[in-house]
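Below, subunit A partners subunit B and then partners subunit C, in two separate complexes.
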Partner chain A sequence: MSATTMESRAAKRANSLARQRVWALWGSYIALGVFVIIFLVPPFYTIITSLKTSAEISAQSGSPWMVKDPTLENFWYLITYPNFQIYYLNSVMITVLTVVISMVISILAAFSLSRMGFWGSQALSTGVFLTYLVPPSLLFIPLFQIVGMLGLINSVWCLALLYPTLAVPFCTWIMIGYFSSIPKELDEAALIDGAGYLQMLFKIFIPVAMPGIIAATIFAFTVAWGAFLYPLAYLYTSNQMVLTVGIISDLIRGDVFQWGKIMAACLLASLPPIVIYAFLMDYYVAGLTAGATKG
Partner chain B sequence: MAVGASVSTNTTGRRDGGSQPKSSLKKFSQRRSTIAFALCLPLILLVSAFVIYPAFYALYLSMLNKKMTAFVGLNNFTFLLKRNTFQLVIYQSCLFAISAVLIKALLGFIIAHLMHNIPGKNQRIWRGLLLVPWVIPLALSTLTWWWMFDSSYSAFNWILNQFGFEGVPWLGVGWIARLCTIAVNVWYGTPFFMIMYLAALKSVPEQLYEAASIDGANSVQKLLFVTLPMMRNIISITVLFSLIVTFADFDIVRILTAGGPQDNTHVFATYAFQIGIQSGDIPLGAADSLFMFPMLAFAAFFVLRGVTKRTKEIAA
Partner chain C sequence: MAEVRVRKVVKEYEGGVQAVKGIDLDIKDHEFVVLVGPSGCGKSTTLRMIAGLEEISSGEIEIDGEVVNDVPPRDRDIAMVFQNYALYPHMSVFDNMAFGLKLRKFSKEEIKKRVDEAARILDIAPLLDRKPRALSGGQRQRVAMGRAIVRNPKVFLFDEPLSNLDAKLRVQMRTEIKKVHQTVKTTTVYVTHDQIEAMTLADRVVVMNAGIIEQVGSPQELYHHPKTRFVAGFIGSPAMNFMPCTVVEVGAGLHIKINDKIVLPVPPDRVERYRPFKNKKMIFGLRPEHLFEYTEQGKPGWTRVDMLTDVVEPMGMETMVHFFVEGTAICARVDPATHAAPNEWLALTADMNQMHLMEVDSGKVV
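This part shows the complex of A and B:
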C-alpha cells in the first residue's frame, strides 16, 4: 500500500467524521429546540392568558393561543388588591425567615460535622441525609396536631417553624461537602495563630465556601417560596395565607374562575424565583450536582 | 423522646469533662467535642421536634379511633386495606410514581446527551430555557396546566379541533386524567434529571471515549460500555431520589383533579389530606400516609447506599 493512498484514505475518513459531527450538532440543536418549545408551552400560555381581559376569555371565540387586545389590567388589579399584597408580604416574610433560620442552623451544624466531630457525629451526618429524604406529605397530619398544640393553626408563623425542617437537611448536606473540601492546613494555620472556632468559621470557612452558601440559600428559598401542602393544610383565613394557596382560594370562588387574574398572579408569584435563578443558576446547579458527583 | 436522648448525652459529656485527668491535650479535645455538639444542637432540636417526634406521634395517632378517645390497634390499617378506594390509591400511587420516573429518566437522559453534543458556551442558555419548568413553583405551574386542560375552553382541544379531531375531556375521564397528572409531573421533573445526567456526563473522562474509538467501538457501544457504566451510580441515585419525591407528590394531583374523577387519580398524599384534614378523621389520615413509609424506606436505603459508595469511590 503506497503512502499516498493511505493519506487520502485518512483524509477522507477525517472529512466524513467532520461531516458526521456537523450533522450531529445540527440534529442536537433541532431536537433541543423541539424540547424547549414543548417545555415552554405552559409558561407561554400563562403569559398570553394574563394579558387577556375577562371578556375576551369568557367569549371563548378564536384561538386561545393568541391575544386580541393585550392589556395589563389584570396585573394592575392584583397590585392594588389588598389581599394579594398580604399574600405577597407573607410569602416574602416567611421566606426570608426560613432562609435565615435554615442557613444559621445548617452552617453551624455543617462546620461541626465536617471539621470538629464528636461522639456520634458520623451517625448524625447520615441521619441528616435521611431526613432530607422525608417528604412533607409523610408527616403533615401529626404536624397538624402539633401545630394545633402550639396554638399556631391558621397562623402564618407556623410555616417559619416548619419550612426549616424541609430546607435544613439538604443545606447541611451541601455545606458539609463544601466545608470538607477546604484544606485542613488552613484551619491548622488559623489555630496556631490563636483563632477560636467561631473566628475560624467566620473568617475562613464562610468566605471560602461562599458558592456552597449561595446554593444552599437558593435551595431554602425555593422550598419556602413554593411549598403548598403545609399552608393549604394549616392556614384558612386570607390574612394569614401565602401566595401559593392565596391565589387559589381567593381568585377561584366556587365555579367562577378568573383565569386572567389567576395567570397574572402566577406570573407575579413566579417572578422572584425566576429572577434569582437567572442570576445564580450556575451556583445552584453546581451545588446540586456536587451532591451526586462528589459526595 | 429523641430530645431526651440528646439532652442526656450533653450532660454526660460535661460530667466526663470534669472527671478527666488534667492532660491539656485531652481537655482540648473534650472542649472541642463539647463545642462541636453545641453547634449541632439547633439541628438536633429542630429535627427531633418536627421530624422524629411527629413520626412516632403518627404511629400513635394511627392507632386511635376517629374521635381520638380510644385505642383501636391496627383497625385503621385493616379498614383502609379493605376499602376499594384505598386499593385504587395504592395502584394509582405506584403507577404514577413508576411511570413518571421512568419517562423522566429516559427524557432526561436523551436531553442531557443532546446538550452534551453542543459546544459548552451555548449550553448555558439552552440549559436555562430547559430549566424553566423546574424553576416555577409547582403549585403555580399546575394551575396553568389546569387551565389548559379546562373542560369548556381547553387550549389543547382547540388545537385538536383545528385538525378536525374531537375534543378530549382531559380531566373528566379516569384514565385520561391519570395520564394528565403523569404528564405534568414529567414536564416538571425532567429538567432535574437533565442537569444531574449532564453533570455526570461531563465527569466521564474523555480518554475513555478515545480509547473506545481506537478499539473500533461505534457510538451505541460507547453508550453501552463506557457512558452507562460510568453513570450507573448517579442514574440509580437520581432515579431513587425522584421515586421518593414523585411517590409523595401532592401538589399536582391536588390542584389538577383533587383526586377525581371517582377517586381515580388519588395518591397517598392527596387521599390522606382528604380524609385527615378535610373530613377530620385524623387517625385514618395518619394511617394512610404511613402506608407510604415502606416504599420510602426501601428507596432511601438504596439512595444512601449509592451515595456512600460514591463517596468511597471518590475518596479512593
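This part shows the complex of A and C:
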C-alpha cells in the first residue's frame, strides 16, 4: 500500500472524527437549549410579573412576557409588610435549626454505622434508608398526634422537631456513602497516631468528607426551606407561619390573587437557596480526597 | 526502641478460617525483620495484630516486655507506614507529620524540631507546606515515613510500603528505608511479598506460608540453607529448579538420577547425609545460578550436563536459558558470551556443591 493512500485514509478518518464531534456538539447544544428554556421560563415569567403593577396584570393587554412600566412596589410592599418579615424570620430560624440538628445526627449516625462496625450496623444502615422511602404525606397524620401530645400545635418550633425526621434518613444515607469511600487506612493511621473516635471524626472525617457534608446540608436546607405540607397542617396563625404557607395564605384572599406580590414574594423566598447553592457549589464539586492514597 | 515477642499467636476469622496458625517470633531491639510470603500467607495479619488493628484470637504479643493484647494501637507506641500512604488529604505535609505529636500534646517548639529533623533525614524539607495531592508517589511515601519517624516510636511497622511505586522508584526508596533504619535504628517489622525487598532490607527474614512460619533466618542463611521446599523456591530469583529424582548407589558413592541420561554424582562430603534416602523418590533442587555454561577447567563437584534449549532470554549482563527435563521447566543462568540458541544442545555445568535434596511429601530439605 502506498504512503499516499495511507495518508489520505488517515486524513479522511480525522475528518470524519471532526465531523462527528461537530454533530455531537450540535446535539448537546440543542438538548441543553431545550432544557434551559423549559427550566428558565417560569422564573423569567415570575420576574416579569413581579415588576408589574396590579393594574397592568389585570388589564390583560399586550404580551404577558413584557412589562410596560416596571416597578418595585410589590417588593417594597413585602419588605415593609410586618407579617412577611415574621414569615421570613421564622423560615430562616427553622431552616437553620433543621440543618444543624439534621447534620449533627446524620454525621454521628453515619460515622458510627460506616466505621464502628458494631453488630447489626449493616441492617441498621439499610433501615435508615428505608425510612426515607415512607412518604411524608403519610407520616404527617401520626406525627400530628405526637405534636399534639407535646402541645406544639400552632407553634413554629414543632417544625424544628418534624423537619429532621424528613432530612435525617437521606442525609445519613449520603454521609454513610461518603464516609465509606474514605480509605480505611486513614482511620487506622489516625488510630495509631493517637486519635480517639471523636478526634478521628472531627479532625479527619469531617474535613475530608466536606463535599458530602455540603451535599447533605443542601438537602436538609431544601427540605426545611421548601416544605409546604407540614406548616399547612400544623400552623394556623400569622405569627407562627413560615414563608411557603404564609405567602399563599396572606396574598390570596378568597378568589383574589395578588399576582405581582405573590411573584415578588416567591423571588424573595428563592434568594437564600440561590445564594447558598451558588456559594457552596464550588466547594461541593472540589474533590478533597485527592492525594490521600494512591490514586 | 524495643523488643517484640509473638507467642503462639492465632488469628481466626468468623467461620473458623485461620489466617495465622499459632506463630512464635522474637524480634530483637534495633532489628529489621521482614515478613515475606505469598498473598494470603498471614504476614499482613501478623503485622496488623502487632499494631493492634486486628484482635488476637489467642496467644500473646509483647512490646518492650509488656503484653499488649488488650492495649489500643495509640498506647502501643508504634508507628505504621501503609501501602497506600494513608496521608490526611486536607492537611499539609507538616501537619500530617505533626498530627500524632499534636494529639500527644507536644509543645510547638518540640513538634517543629522533630518535623524539621525528619524532613531533613527524608529530604522533604521543601515540601512541608504542600498538600498530599501536590506530591508524587515517592514523595508521599516519604511523608508517610516522616509521620512515623517524628513520633520516635518503639517499633516501626511497614505494610508493603513500596508496592504502589514503579520499579525504579521502588529500588530507590528501598535504599532510603535502609538508610533511615541505619540512622534511627528503631526496631522494624516490614511486610512484603517481594523477596528481593526482603533480602536487601532485612537483618532477618521470616518466610510465612499458609499462616505458619516456614523459616526465620538471615538472608544468606535462607538462600544457602533453606529448610523447606517452599523457602527454597520462594527465596531467589529466578526460583530454584526442582526435579523429581531417585538417590542411587554407584560404587562407594551416591548419584542423583533424574532420568536415564541425567545422573549426577553427589559430592563426597554429602554422601553420608543422603545415604538414608538411598533408592527413595526425592526432589532435587538446584538454583539457576548453579547451572551455568560448561568450561574445561572444572572444580570438584562440577558435573557436565547436556540440555536441549527451549527458550533463550538475553538480559544484558546474563542470559537465562530454559529447558524441559521430564516435563519440568528448568532454568540456567549463563554468560551472554555463550551464544545459546533455541532448539540446540548446550553443554552446562551443574555445581553439585550447591544442590538441595528434599522429601517429596513433607518438602523438608534433608
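Just so it is clear, the second predicted complex is superposed on the first by the 262 of 295 C-alpha atoms of A that agree within 3 Å, B and C clash if a C-alpha of one lies under 4 Å from a C-alpha of the other, contacts with A are read in each partner's own complex, and residues count from 1 in each chain.
The rule we apply is simple: a residue touches a chain if its C-beta (ideal position, glycine included) is under 8 Å from a C-beta of that chain, and two chains touch if they have at least 3 such contacts.
Note that the structure is a prediction, hence the values are computed from the model and not measured.
In the superposed model, A:L280 lies in contact with neither subunit B nor subunit C. Of the two partner chains, subunit C is the only one touched by A:Q199; subunit B is not.
Once the two complexes are overlaid on the shared chain, A:L191 sits against subunit C while remaining clear of subunit B.
Residue contacts after overlaying the shared chain place A:M93 against neither subunit B nor subunit C.
In the superposition on chain A, contact of A:P183 is made with subunit C only, not with subunit B. In the superposition on chain A, A:L139 contacts subunit B only, with no contact to subunit C.
The larger set of touched subunit A residues comes from B, when the choice is between subunit B and subunit C.
With both structures placed on the common chain, the touch criterion links A:V36 to subunit B but leaves subunit C unconnected. Once chain A of one complex is fitted onto chain A of the other, the partner contacts of A:V208 are limited to subunit C, with no touch recorded for subunit B. In the superposition on chain A, the residues of subunit A touched by subunit B in one structure and by subunit C in the other are 288-289, 292-294. Interface residues of subunit A facing subunit C in the complex, by the touch rule stated above, are 183, 185-186, 188-196, 199, 203-204, 207-208, 210, 288-294. Residue ranges of subunit C in contact with subunit A, taken from their complex: 51-53, 72-74, 78-80, 82-90, 99-100, 103-104, 131-135, 137, 140, 147, 151, 164. Interface of subunit B with subunit A (complex): residues 9, 13, 32-37, 39-40, 42-44, 46-47, 50-51, 53-55, 57-58, 61, 107, 110-111, 114-115, 117-118, 124, 126-133, 135-141, 143-145, 147-148, 150, 152-153, 155, 158-159, 187, 190-191, 195-196, 199-200, 203, 234, 237-238, 241, 244-245, 247-251, 254-255, 268-269, 272-273, 276-277, 282, 285-286, 289-290, 292-293, 296, 299-300, 303-304, 307, 310-311, 314.
Against subunit B, in their complex, subunit A makes its touches with residues 24-25, 28-29, 31-32, 35-36, 39-43, 45-46, 49, 57, 60, 63-65, 104-106, 108-109, 111-113, 116-121, 124, 126-131, 133-146, 161-162, 164-165, 168-169, 172, 197, 225-226, 228-229, 232-233, 243-245, 247-248, 257, 259, 262-263, 266, 269-270, 273-274, 277-278, 281-282, 285, 288-289, 292-295.
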